[in-house]
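As written, the chains take the letters A, B, C, D and E, and residue 1 is the first residue of each chain.
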Amino acid sequence: MTAQAPILIIIIPLIASFLNVIIGLWRKRLCYPLVIITLGLSVILSISILNTVIIQGVIHYRLGGWEPPWGIEYVIDHLNAFILIIVSFISFTIAIYSKRNVEQEFPEKTVYFYTIYLLLVTGLLGITITGDVFNLYVFLEITSLAVYALIAIGRDKAPLASFNYLIMGTIGACFYLLGVGYLYIATGSLNMADLGRLLPDLYHSKAVLVAFAFFVVGVAIKMALFPLHVWLPDAYTYAPSTVSAFAASTMTKVGVYVMIRIMFTVFEPRFSIVMLPSTEILGWVASGAMIFGGILAIAQTDVKRMLSYILIAEVGYIVIGVSVANRMGFTGALLHILFDAFTMACLFMAAGAVMHKTGETSIHGFRRLHRRMPLTMAAFSIAALSAIGVPPFAGFFSKWYLVLGAIDAGKWIFAVLLLLSSLLIAIAFFRVIENIYFAPSDHAHNGVGQEEIVRDETPLSMLVPILTMAAGILILGFFSGKIVSAVIQFTVPGGF
Amino acid sequence: MIGRLDNVVIQTVCRLLIPPIQLFALYVIAHGHYSPGGGFQGGCILGASFILMVIAYDIKEAKRMMSEKVNTILSSLGVIIYSGIGVVCLILSANYLDYGILNKILPVTIAEARALGIFGVEVGVGITVMAVMVSIFLNLASGGEHGETEE
Amino acid sequence: MEAISSIKPLLAVIVSLIAAFLILITGERARNLREFWTILASVVKFAIVASMVSPILEGNVLEYTVISILPGLSLQFRVDALGILFALTASFLWIITSFYSIGYMRSLNEHAQTRYFACFAIALSATMGVAFSANLFTTFIFYEIITLSTYPLVAHKETSEAIKGARRYLAYLLGTSIAFLLLAIFLTYNAAGTLDFSNQGILAGKGSNALLTVIFILFMAGIAKAAMMPLHSWLPAAMVAPTPVSALLHAVAVVKVGVFTVIRVALYIFGIDLLSRLGLGTALAYFASFTIIAASIIALRQDNLKLRLAYSTISQLSYIILGVALLTPSSMVGGIIHITNHAFSKITLFFCAGSIYCAAHKTNISQLSGIGKKMPWTMTAFFIASLSMIGVPPAGGFISKWYLALGSIEAKEIPILAVIIVSSILNAAYFLPITYKAFFEKQDDAHHEEIKEIPMVAIPLMITAIISMLIGIYPDYFLTLTKEVIRLR
Amino acid sequence: MEFIIGKFNYWVYIILMMIGFYAMIAKSNLVKKLVGMNIFQTAIILFFISIGSKKGVTIPIIQEGAGDAVNQAVNSARYMNPLPHVLMLTAIVVMVSTFGVALALIIMIFRKYKTLEEDEILESLRSGEEN
Amino acid sequence: MRFLAFIAVIITGALLIYATVDMPNWGDPNSPANIHVSPRYIEKTIEETATPNAVTSVVADYRGYDTMGETTVIFTAGIVCILLLRRHKNDRQT
């Protein structure tokens, strides 16, 4: 069982999505349980995989029994296993959440929605787990197609936003494919480990250089790194709540993962850091993202849109952590991938819950919601504080690592910018929180006034995932030390 | 969008053409081992034959022969065949998609088992490609109007 | 001095968190049960804290490591004399304040009382956390928790000016702590490689003078809770909060946490020798004395009673900083014991303001003519407390001012001595007229509405007033604790 | 000169790709964007295929011992490199699928705004916001 | 916008042309792409998979997993088109 776990975690959701269509034609009601069971299984599998990796070290799995580089190979080290757990757990939680949202927004499309959702999860897992650059491209395309569709069935402007995303995303994927081609023409191999062996002799070849450039740009588009983020705000604003929650919390993170893979596994840190100033450039771009995202977040009046800009800033944080290229910073980046996944999922899910109840997500629409849905709003506030980076919530601890990393690298300016953008995000969020808790109610204010607002909490199937995320944010931060010593310290690439 | 055009010539020609086209498609799928061809190519040709019929007659006609439901089932059936073969290999305690192991249940050598596995896979691919080509074409051509609203 | 491992500090922090949780789930339905949780938690907390005094007096410290968050950086508690002094004051006053605020909130039948009591409990546990924290990291975490948990209390009234006040409160406290304090902590960590408090200070010789000076300035700017000018204006803004909040949090807990952190940074991060070598102590002393005088002068011009008290708080806080900044033993004794003195007398004054508001709904000093006859107990307590503020023997304030004066002479800073005297005169100038007005002026307007003191509100303030007097008469208990702090140096 | 001639396959694909790329990001008509996308991807496919070619060889279908003499040495220099073809088979399929999805999106957009000119759509959106 | 696009195109093109300098000529039988991995496919295809058509054997066996992925892509596309375009009675009336 554990020997086959690496493939099972992919094909179980995959086959489930195929069966889902047929079952859906027969009994529509069975789709939801099927999805839940499948994703629950993948969570268990991912945990067992991480366990195996911690105990036995790196897992190699040969698909079709062909030895690399001729066949495709799965290589799972601590990094993949870490990301796998994040993706599978978040997808599981959001699948539970999705029920009421789907019933409300597009009841007649349930079957196909869940099929595509499973395919999306499969794609992300496949990207994360594979050890072959072209195989990664294939799963990247599965993911992209699925998410284009899921975004397009959203609210008013969604199809246009999705189309723009499709254009940008295709450019990104094609750039990635070009990068694969250039590496192939230079080395004749497609296997990441094999490439890692062959490339060092060719570091001065111009083809390899350009390949690297195309890889980074393509992936940067996929993970919405400023200034290539233009597709993101519209897409995540108009997408259905479930989709924006899932995409925001996992897709950008997986993009970062791919970038790390390319920069430090396919290429060596020696190449990405020393021979090219790539990390330097990335650092400045990312700090631009932090500031820009923070400022634009303040300018927004719609909460989901504001969250999208904050997501852009958060991607900036992670990339900063990678770009300072030392142990502290990298650790901070990975911790932030985990914590930010939780935070963003919680925020978007809470916003979706408000959408579900009130039908709008404008900041004004959040007025005095703490009486209507206290628990949801509490979760929202916790996640917001974590995103700002206030102790004792999770975000603080990862930012602590990030700033220390920037300082260790002697990049004081990055440290200062990190704190500055935290302030910007704080302003953005407290505009909302103030509305939630203290906005003067419209009617006479005499302590009795608000009692008229009946308590009308989010339905349980939505509330439980939100609270799970909030609890995770509350607790995980204190265990960051353990997480680092158990997993993350092994993911730091050599030469840091 | 595509209205009914009663043109006897076209319809007769299509009636004559479609069977050989489909036969050729099957040949392309089956003979992929020894000549250029395989699942995708054959599937595309097979799908094209149906599309030709839609053009010659109209969508109602096509749906009588190949309803939306059948289409969907076929498209997932093909992929299930593909991944199913992989799962069979898993059950026979080999790695995923390691067709060589099929010689445990088939009276052939490992190499031939692989050839058979390839064939089965190609068939699956062909089915999916054909079904999806048709369904995409129908959906695009009719703007989704024709799809029977499922209960 | 040896370190005893004990879980008591953690319990002292946790107990009111549990109380907050219970309060939240009890809610409006069973108000008495909810209030009972508050009282219970406060008593238990005080008991725990009191039980930790005796080992401290024997010269030990209690230590407890909760969890190691980063390598070499852990959530850790260490109880020493300074911390226990502060914790003792705060936790004892919480008991009294709980009774007081129950009476206050009910007599005004305020809204959202559940949120109020829950946030109160959280703020108190965070105060304990700061008092007991063993390193700057822990301090920072609880420092921020206090800011967040008091934000709802400041915005409690939910009127537009309450929201404005809360916004300013948050902007000052959160903004400065993230922008300056956190940066300073990072710089310290980078320079010293650790954040643990040590009696000798950890930064000595760990960086160029310029760097250390920058760090010190960042710290002083970052700890806005100490309300040193020019970062003081959040405190008057926070006066929109209900009076018990102003009383316990903005006269004792929050602001004292700021001062406490300043002391920690000055004595345990930098250390006396380093400060005197860099001449930062004197600079801080003069800065503080400027705040003392300026705040007092502003206080003279306030007609709103609570605002006047707020500005007096600002100036009194700077006494404590002044005492520590002079870096001489007796001045430090004066400063540290002033934490307790000021706590008791200032909370009394705020209680009086609240009691007047409850009974007569009056907020301005100009309206107070002749109220002394209607509320004798309240105004007597007010008088006693203001005596202690001014520093008239035998009231407690005298002790601290005496030691401060001694310290300033030891430090050969005669201007500081002058500052102390002048400010005492100013204190008299803005406190005594109130009492005079209350007792000896006829109430001008004709209509005499029925004003009677609410016992639930009046009794606590009598108690605090008496205690603030007692400290002056029998100062030994606190003096020994304070001397313990000094002895360890 | 040999540089130009010997690498003309790259020149062709670069020119094609630039045309497509420009159309993708500069054209305001959505369908033109798609056409550009197709040219773009086709250029990449051309590039890959041209990698695999060798001068004067045949397609990778082995003639030696089909059937009878299996273990007869095969000289790989006589056949084309099959791998790029395989990759492009995949890429073509991906391209077709993307194209189908894009067309579906375009139909949705057309249903909504009754036009496919980006600026007109934005115009209608703006006017929609005003009233 | 158009100007920006033009700049982007020029930069990309320049990068690509810059890269071609180090690339093998067209049809060079000794380019790494032709000698590292692929020969094994040609030489071993018959004895390992009994399939003379190397492309087929690579597509469906050596790299069969890619092919499954791409079949999934097609399947996805089909489902997506249904999901996006299918109209139903309720929203036909609107």
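Points worth noting:
Note that in this section a residue touches a chain if its C-beta (ideal position, glycine included) is under 8 Å from a C-beta of that chain, and two chains touch if they have at least 3 such contacts.
These numbers were taken from a predicted model, which means no experiment stands behind them.
Note on connectivity: the fewest steps through touching chains from subunit D to subunit E is 1.
Once subunit A is excluded, the chains joined through touch sort into B, D, E | C.
Chains that touch both subunit C and subunit E are the following: A. With centres computed as the average of Cα coordinates, no chain lies farther from subunit A than C. Inter-chain contacts peak for the pair D-E, counting C-beta pairs in contact.
Farthest from subunit E, judged by the mean position of CA atoms in each chain, is C. Mean C-alpha position of subunit A lies 26 Å from that of subunit E.
In whole angstrom, the spacing between the mean C-alpha positions of subunit B and subunit E is 21. Chain centres here are Cα averages; for subunit C and subunit D they lie 71 Å apart.
Between the Cα centres of subunit B and subunit C there is a gap of 79 Å.
In subunit C, no residue reaches two or more other chains under the touch definition. Multi-chain contact residues of subunit B (touching two or more other chains) are listed as 34-36, 72, 75-76, 79, 83, 86, 96-97, 99, 136, 139-140, 143-144, 149. Among all residues of subunit A, those that touch two or more other chains are 14, 18, 21, 63-64, 108, 134, 138, 141, 145, 148-149, 152, 184-185, 190. Those chain pairs judged to touch are A-B, A-C, A-D, A-E, B-D, B-E, D-E.
Residue ranges on subunit A touching subunit C, taken from their complex, read 385, 389-392, 396-397, 400-401, 403-404, 407-408, 415-416, 419-420, 422-423, 426, 430, 434, 437-441, 445, 447-448, 450, 477-481, 484-485. The touching residues of subunit E, counted against subunit B in their complex, run 46-53, 55-57, 59-61, 64-65, 67-68, 71-72, 74-75, 77-79, 81-82, 84-89. Listed in rising order, the residues of subunit A touching subunit E in the complex are 14, 18, 21, 63-64, 66, 69-72, 108-109, 112-113, 115-116, 119, 122, 126, 134-135, 138-139, 141-142, 145-146, 148-149, 152-153, 182, 184-190, 198, 205-207, 209-211, 213-214. Touching subunit A in their complex are the following residues of subunit C: 67-71, 74-75, 109-111, 140-141, 144-145, 148, 152, 155, 158-160, 162-163, 166-167, 170, 174-175, 178-179, 182-183, 186, 189-190. Across the interface of their complex, subunit B is touched by residues 4, 7, 11, 14-15, 18-19, 21-22, 25, 28, 61-65, 108, 111 of subunit A.
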